[in-house]
Every structure is written in structure tokens, then in C-alpha cells.
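You will see two complexes here that share chain A, one where it goes with chain B and one where it goes with chain C.
Let's turn to the complex of A and B:
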């Protein structure tokens, strides 16, 4: 594979459900080792776009266009081939971290089973898990816990640890920090930055939180009504061109407008 | 016993402690709040993360959770001793706005019917109901046609406006808001915050806002109380706390708020001493604190005035030597 080609490249992607065009994206790519933020409000098409990468669109959706991952077209490939990629080479971290785990399995068992499922040799499993725990700074004792015994931030680290243990090349983070407290959100965001540096993981962060993504991503794509309406580095937000971007920037609660008198 | 003076609608918590059943005596309470006063015209925020006790505080102020020590008083009378007319006055004056707007409205009732019900519950004449519904919908920025809709037929932002309209139908003086905008898009959130701010000014309401979002707090409240694992760690004017935090947790909260145009600020690592502090006895934040020392933080921490200002309190043994913390450094 050409190492300079984007790891993920989406072209002319159109998704329609019951005759309504919900996604119409001419081009979206993630380079190797890049963090890209896809930001939009509810109903903008973020989750549909993400589902299409994973081949998990609703049955009544029709799709056109191309989704190329590491040089291979994912659209129209067999479910068997897709499974090679989905969850292993492309990992997903969702908003509901605890729901991603299996409620009846200890966190450690859950990771172990996923490694078995993706045919990681038994001899490698233990060292991979140890490395992953270290990478996400998770106390190994927590692996004995069930999902309901983990905090939201801990559950999110378990989900990310699995991605690391599987050597995922692309991490899709769908509102992965939205349900977390701000201090925990900052810790998980820091973890994303570290993974990019230490593991070389590419990350597509899908979020409605413009400020968080602006601080993390190398590039930001603003999506509205199914299409990318603005794109650029974090500085794009200092001079937003599109109406939607301007509204989102203006609506972000800042710490500059503070109630009350000076101390 | 004489009744409260008319117009005394202060809601005051004194030496409030809430313990949930089954917790050992040695365990510190889920919430300890030395003092909190809410009155029309005041706006107070309770800030903290999950498990900090902020929702417990709000529930105690509503009388839904009974204090295990101390009291919550309305017009000078403890909530559990309110009877008859005074109990009705309390339920009319103090209205909660919940985080979960889906659960706040009856799914089988139209929004207009829900607001009319609030109007009657507040002692309003049934014949005025339809005019009141129309007026309140307008006041919260909803078209009159929303009255006929059911909760599932409107957007999340519209539903929160409807919930606010229903609370206003009772003609309250104090609003207790629990994360009123979480789950809403930013552009919707800002409109709801503007609405709450406008209502506070126009109706002279008192606000108690529970939130983990300092940006939201800064927008709505002049005073802020920062809670960490059930204890007040810092309180004072919102502006003072944001500009010159004295407790390391307040600084960490401030640091964690993402801002456009400011590069991401990684959380600061705990100090090497932090692991040695027994947080069951000493400072509860020590295990995460970049400034923790085994000697200063191992003992119970007291809430102390900053520069003799009783309105500005901080619970940190190291605060005099640490001085004003720069959360952005």
C-alpha cells in the first residue's frame, strides 16, 4: 500500500433512506496518524456517515459512492471480509461506553473474548492486554469488574484498551466523551492524543462539541444537512465562513461572559 | 408558632448532611453543605462531577430527600414541618426543572394541558387557563400551536421550553434547575440559557443551577459553590472562582473546559506525594491533586475564608502558600 495515501478516503458518498437524501459527502479523508474532527448538530448525518464506514447502515438505506480503507474498497465487500476490518482494524468507541461492554462479562473477559474472536494468537494475548492497559493508564485490577462496577471514564478506557490491544489503525470516536464529566473528558481527550503519538493510531472524532474537537484535531470538517459545509485546521474557527459554523462558534458557552461583578 | 412573614420565600440549608441508608457511620455523608441561601434575585450554581452530591443537594432543597442532620428551611420553617397553607406556598414558590425533559412531561398529555394543569395547581382560575397557556408559550418562545402537541412530537429544545413554561404556570419565585441543557445541541443550549436569564431578570426569580459545565454556570449565576465528593471545596462569586481559583479542584475544572481558540489543555498529573494521602481521612481530592503533600493533605481539611472574606471560602490546607492558581498554565 502507498504509505502516503489516506488511511480512510470517502468519495461521493450518498446515503438515502426512504427517498430522503441524508448524507451527501463529496470527499472526506483521514491520513495516517491524523486526528480529524467531524462536527455537527443532531440530525446532521454524523452517525449515519460513521455507520456507513462500518457497513452497519439500516437495511432500508441505499448507498452510493466509495469508502476506501487502506487501499481497499469497503463498499460491497462480503460480510466476512468486512468483519476482518470492523472492530479490529477500525475500532469504535461510543458515547455509551458501558453499553458497549457486555453486562454479564468482567471487563478483562470481554477484552479477552474479543481478541479470541479476532484470532489473536493465545501466546500474544496477555502481553497485548498488558501493553494496552499501560497505554490507556488503566489499573489492571479494574479488569475483574463488571461494567456496572466501572465509572463512565473507566468503561471508556476499557473500550479504548481493546482498540489498542487489537492494534487498530483507525479509531472512530462517536461522541466518546459527551457523557463524561469535564475533568474525565479532558483525560480521555488526552488519551486520544497520546495514542496517536505512541501507537500511531488515526482518529476520526465525531462530536457536537466544537470546542473540544478544535483543541484536539489536526483538521475539522463541519457537517450540516448531510454535507461538509466547512473544512480546515483549528484556525478555521477563528474566521468561520459558513453560517452553520458561525452559529456553532457563537453558541459555545465561553468563560468570557461571566455573571456578576469583578472580585 | 407564628407563620413566616409574608413574602419570606428564602430557601435556606443549614449544616445540611445527607446520608443514604446503609452507609456506615464512619463513611462521610453523601453531601455536607454548611450553608446555602436561595432567594428571589439570587443565582447560585452548584458545580461538580458525578458523585459530588450536587443533585442530592437539589433534592434535599426540594424536600424529596430528608437531611440526616441539619435542616432545609422555607420561610424559617423546616421543610418536613411545613403543613397546610405553608406547604402549598412552598410547592408553589419552588419549582424544579429536571435534566430529563422526556420524563418531566406526561407522554399522554398535550403540552397545553400540562401547562393548564400547572396553572390550576398554582391556584389559577380554570377559566383563564387557555389565555395563560398562550401567554406562557409566547413567554418561553414557543408558537401557540405547540399547545396541541404531545411531548414526543416536539424537539428536545422545544420540550425543555415547554417544561419551563409549565413550571412558570405555577408562578414560582425560585427555580431549581438540574443540568437544564445537557443533551441539547450548542445552538439550542444557548437559546435556553438566554431564556432562563431573561426570565430571571423579568420575573425576579431566584435560581439554583446544578451543572458540571462551567461555561453554563458563568452564563447564568453570580455565585458558585464547587462540590467534590460531597463536600464544598470552594465557594464565592463565579467571576472570582473562574479568574482566581484557590482550590486545585476548581482550577482542574476550569482547565478542563474546552474553549475555541485555546489549544487543548491536558490534565495535570497528580503530585508524587498524592498516593500517600489517605483520602478517607484527609483531603478527598488529594489522589488527583498536582499540589498534594503527605504532610498537609493527610489531615481533615477545613473550609476557611480567603483574606477574611466570609463569602469566599476554600477547603485546602495548602491554599495560603499556593496562592491564586493559574488553571491555564
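Let's turn to the complex of A and C:
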């Protein structure tokens, strides 16, 4: 495999549900070790795009185009092969942090089971989990807890720790910080930055939060009505060209304004 | 799971649950120890004593004797094995059919779901006692046939309840997260949906046990279930039916046993509901 080729490369991807074209992306790629932000308003097709990467679209959706991950076309691949990719090579961190953990399983059991599923040898599991907990700065004692006994930030760290323990090469963060309060958001964002440095993880951050993405991403793609309408470094936000980008920048309250409103 | 101390405290603040559990424990002891506790174990079988028919309660017959001179207390004790024991087997069998059907319908959705639920609807269109009666009457009077009849009329309720819970859980974030982790659909269904959806079904089955005890007794009372000399409580009530004004103990005590057993399981189910099905609890 060519190490210079993008880790993830999407081309001419069209997703239609009941005749409505919801996603139409000509080109989207994530290089190795890169953090890419995909920013758009709700309903712009961000989540659908993510689901399509892992082949988990609703049954009534039709897909055309190409999704190449590490040199391999994922479209049309067997369900069994896709399951090998899911979690182990491409991990997803969802918005609903606590709700994304199965309530009847302890956090530690949840991680352990996923490692067993992806055939991580028993001898390696303990050290991988220890390393992952260290990487996300999570107290090992929390692994004995059930999801309802964790805070949102802790639950999100558990999910990210699993991605680290599975040595996921690509992390898809689907509004992963949106449900957290501001200080925890900053901690999770910092965690993403560190993961890229220490683990070499590539990250695709999907969010409507411009400020967060601007502080993290090497490149930002703005998506509107299913298509990428603007693209560039974090500077796209200072000189927005497209109408949607301008609107989002304008709608994003500056820190001063937030402080002015809060009592 | 929960520490024994926590479980004890949970029971201690719920007198209904405590009473229900105590009665169920006593019933279980009675069923297990019946041969030791019953003064006339043979009276639960083919023995008769025509020299001591219709003796009033007291003396060697604490609850009197019936028309065949059999000790009512001994028969009630052995009857726990029949009336409660068979009812438990019936519920377990109904769950064994209803839970998988409902789980896979709810977890799969789509055409399979629609097909299975329409079949369930057909069963639910008939009142369950009436359906059980019709099936038992068709199969012919015997305890096994009565039990089969109740299972057939009861499983669709669990299928529908389970289907609703599973369908609700299917849309939860943790089910999506499990699929995104590469977990196979059947494993997601069994490990992530089932444990989180089964609670209300367990509660309902415990509440239903009282109803099944009543239905099973009713079928025997009507002559479609257990046959003499089986010490089934409903059958015993039927045998004392014509004697209620002169020798009331023959029907009264088995009748009371049915009531107490049904009540115990209802109390047990209500007590468990708060733990297993919090949304079903009416708050004061």
C-alpha cells in the first residue's frame, strides 16, 4: 500500500433515500495522521455520510460511488469483511456518550468484549487496556462502573479508550463533543489532538461546532445539502466564501457575547 | 449483581413484596416437603378411607376430609406441586415461545416483524380463557392438555410485550454503537437488546402466574384439566361444590389456597416491577 495515499478517500458518493438525493460528495479524503473537520448544519447529510463509510445505512437507502479505506474499496464488500473493519480499524465516537454504552454492561466488560470480538489475544488485552486508559487519562477504577454511574465526559473517554485499545487507524467523531459541557468539550478536543500525536490516529470530526473544529482540524470541509461547498485550512472561517459558511460563522456566538448573556 | 445487603433492604421497605416472597417461599417448602409434612401422603394418590368421609376439621384431619375420606390438608400440600408447579412450567413454556418470537420480530423489524405480529394478533383476538377452554375441550380432558391449552393462549402476550420493548431498544444509541463496533446482528440482539428489554416481560410473567394458577384451576374445575384423584386445587373445589352449605371445608380450603397463591405471585410481581420495569410503576 502506498503510504502517501490517503487513508480514507471518498469519490462521487451519492446517497438517495426514497428518490431524494441526500448526499452528493465529489471528493472527500483523510490523509494518515490528519484531522479533518466536516462541518455543516443539522440535516446537511453528515451523519448519513458517516454511516455509509461503515456500510450501515438504512435499508431503503441506495448508494453509488467509491469509498476507499487503506487502498481497499469498502463499497460492495461482504458484511463479514465490513464487520472486521468496524470498530477495529475505523472507530466511531457518538454524540450520546453515556447512551452509547450498553446499560447492562460495566464499562470494563464492554471494552473487554470488544477486544475479544476483534480477536485481540488474551495476553495482550490487559496491557492494551492499561495503555488506552493512560492515553485518555481515565481512572481504571471507573471500568467497574455501569454507564449510569459515569459522567458524560467519562463515558466519552471510555468510548475513545476502546478505539485506542483496538488500535483504530481512523476515528470518526460524530458530534462527539456536542452533548458535553464546555470544559469537558475542551478536554475531549485536547484528547483528539494527543491521539493524533501519540497513536498516529487519523480523525474525521463531524460537527456543527465551527469553533471546536477550527481549533482542531488541519483542513475543514463545509457540507450543505449533501455536498461539500467550501474547503480549506482553518482560515476558511475567517474569509468565508459560501453563503452557508458565512451564515454559520455569523451564527456562532463569540465568547464575549456568550459571557454578556450569561448571568 | 446487587449485594445481598442491598437486596434485603429493597425487600424490607416493600411490605407487599416481603409478604409475597414469604408466601412463595412457604409454598416452595410445602411442595418440596409435602411427603414429610402431610399426615396422610397416600390420600394425595389412590387411597380412600370410606370409614372417615366428610370429617369436619380437627383431630387427625386439621382441615377435615372429603367425600372419599381423604385428608384435605394432605391433598392441599401435594396440590402445591400440581397447581403452582404446573403453572410455573406453563409460564416458562409460554416465555420460551413468546420471548424469542417477540425479540426477533422487534429486533429485525420490517416484513418478518409484520408477519409474526399478525400471527400474534390472530391469537390475541380471542379472550385467552375462552381460547384455552376451546383448545382444552378439543384435545380432551387431561392435565397435560389443559397446560398445553394455556401455553397456546398465553405466549402471544409475551411475544407482543417483548416485541414492543425490543423495537424500542433497537433505536437506542448503544445498539447503534454495538453495530458500529462490528458486532454481528444476532449477537447485538442477544447481548445488547435482550438484557435491556427483558425486565418488563419478567415482571409481567410473575404477575401472570397468579392468573395462570386461576386459569389452570378453572379448567380443572370445569372438568377439562386434572382428573381425580390428582390433588389439583380447582378440581378439589369442584368436588366440594355441592357440599358448600353442609361441609364447606371440602371446597373452602382448596379455594383459599388458590387465592393465597395467586395473591402471592401478584405481590411478588408488583414488588419486582419497580426494580425491573421502572416506567410501569405508578408514583403516588
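Annotations
The criterion applied here is as follows: the second predicted complex is superposed on the first by the 255 of 263 C-alpha atoms of A that agree within 3 Å, B and C clash if a C-alpha of one lies under 4 Å from a C-alpha of the other, contacts with A are read in each partner's own complex, and residues count from 1 in each chain.
Here, contacts are C-beta pairs under 8 Å (C-beta built on N, C-alpha and C of every residue); 3 or more make two chains touch, one makes a residue touch a chain.
All figures in this text were calculated on a predicted structure; none of them were measured in a lab.
Superposition note: with chain A as the common reference, chain B and chain C can be accommodated side by side. In the superposition on chain A, A:118 makes contact with chain C only, while chain B stays out of contact range. Legend: residue contacts after superposition of the two complexes on their common chain; A:19 is shown touching neither chain B nor chain C. Shared-chain residue A:54: touches chain C; no touch with chain B. Considering which of chain B and chain C touches more of chain A, the answer is B. Once the two complexes are overlaid on the shared chain, A:184 sits against chain B while remaining clear of chain C.
Centred on chain A, the angle reaching out to chain B and chain C in the chain A superposition, using CA centres, is 80 degrees in steps of 10.
The superposed three-chain arrangement places the nearest Cα atoms of chain B and chain C 15 Å from each other. Residues common to the contacts of chain A with chain B and with chain C across the two structures: none.
For chain A in complex with chain B, the residues that touch the partner chain are 41-42, 151-152, 181-187, 189-190, 193, 208-212, 214-216, 234, 237-238, 247-255, 257-263.
On the side of chain C, the complex with chain A involves touching residues 110, 172-174, 176-184, 191-192, 195-196.
Residue ranges on chain B touching chain A, taken from their complex, read 43, 49-50, 156, 185-190, 193, 212-216, 218-223, 236-240, 242-244, 252-267. Across the interface of their complex, chain C is touched by residues 54, 56, 59, 82-88, 91-92, 94, 96, 99-104, 113-114, 117-118, 147, 159, 162 of chain A.
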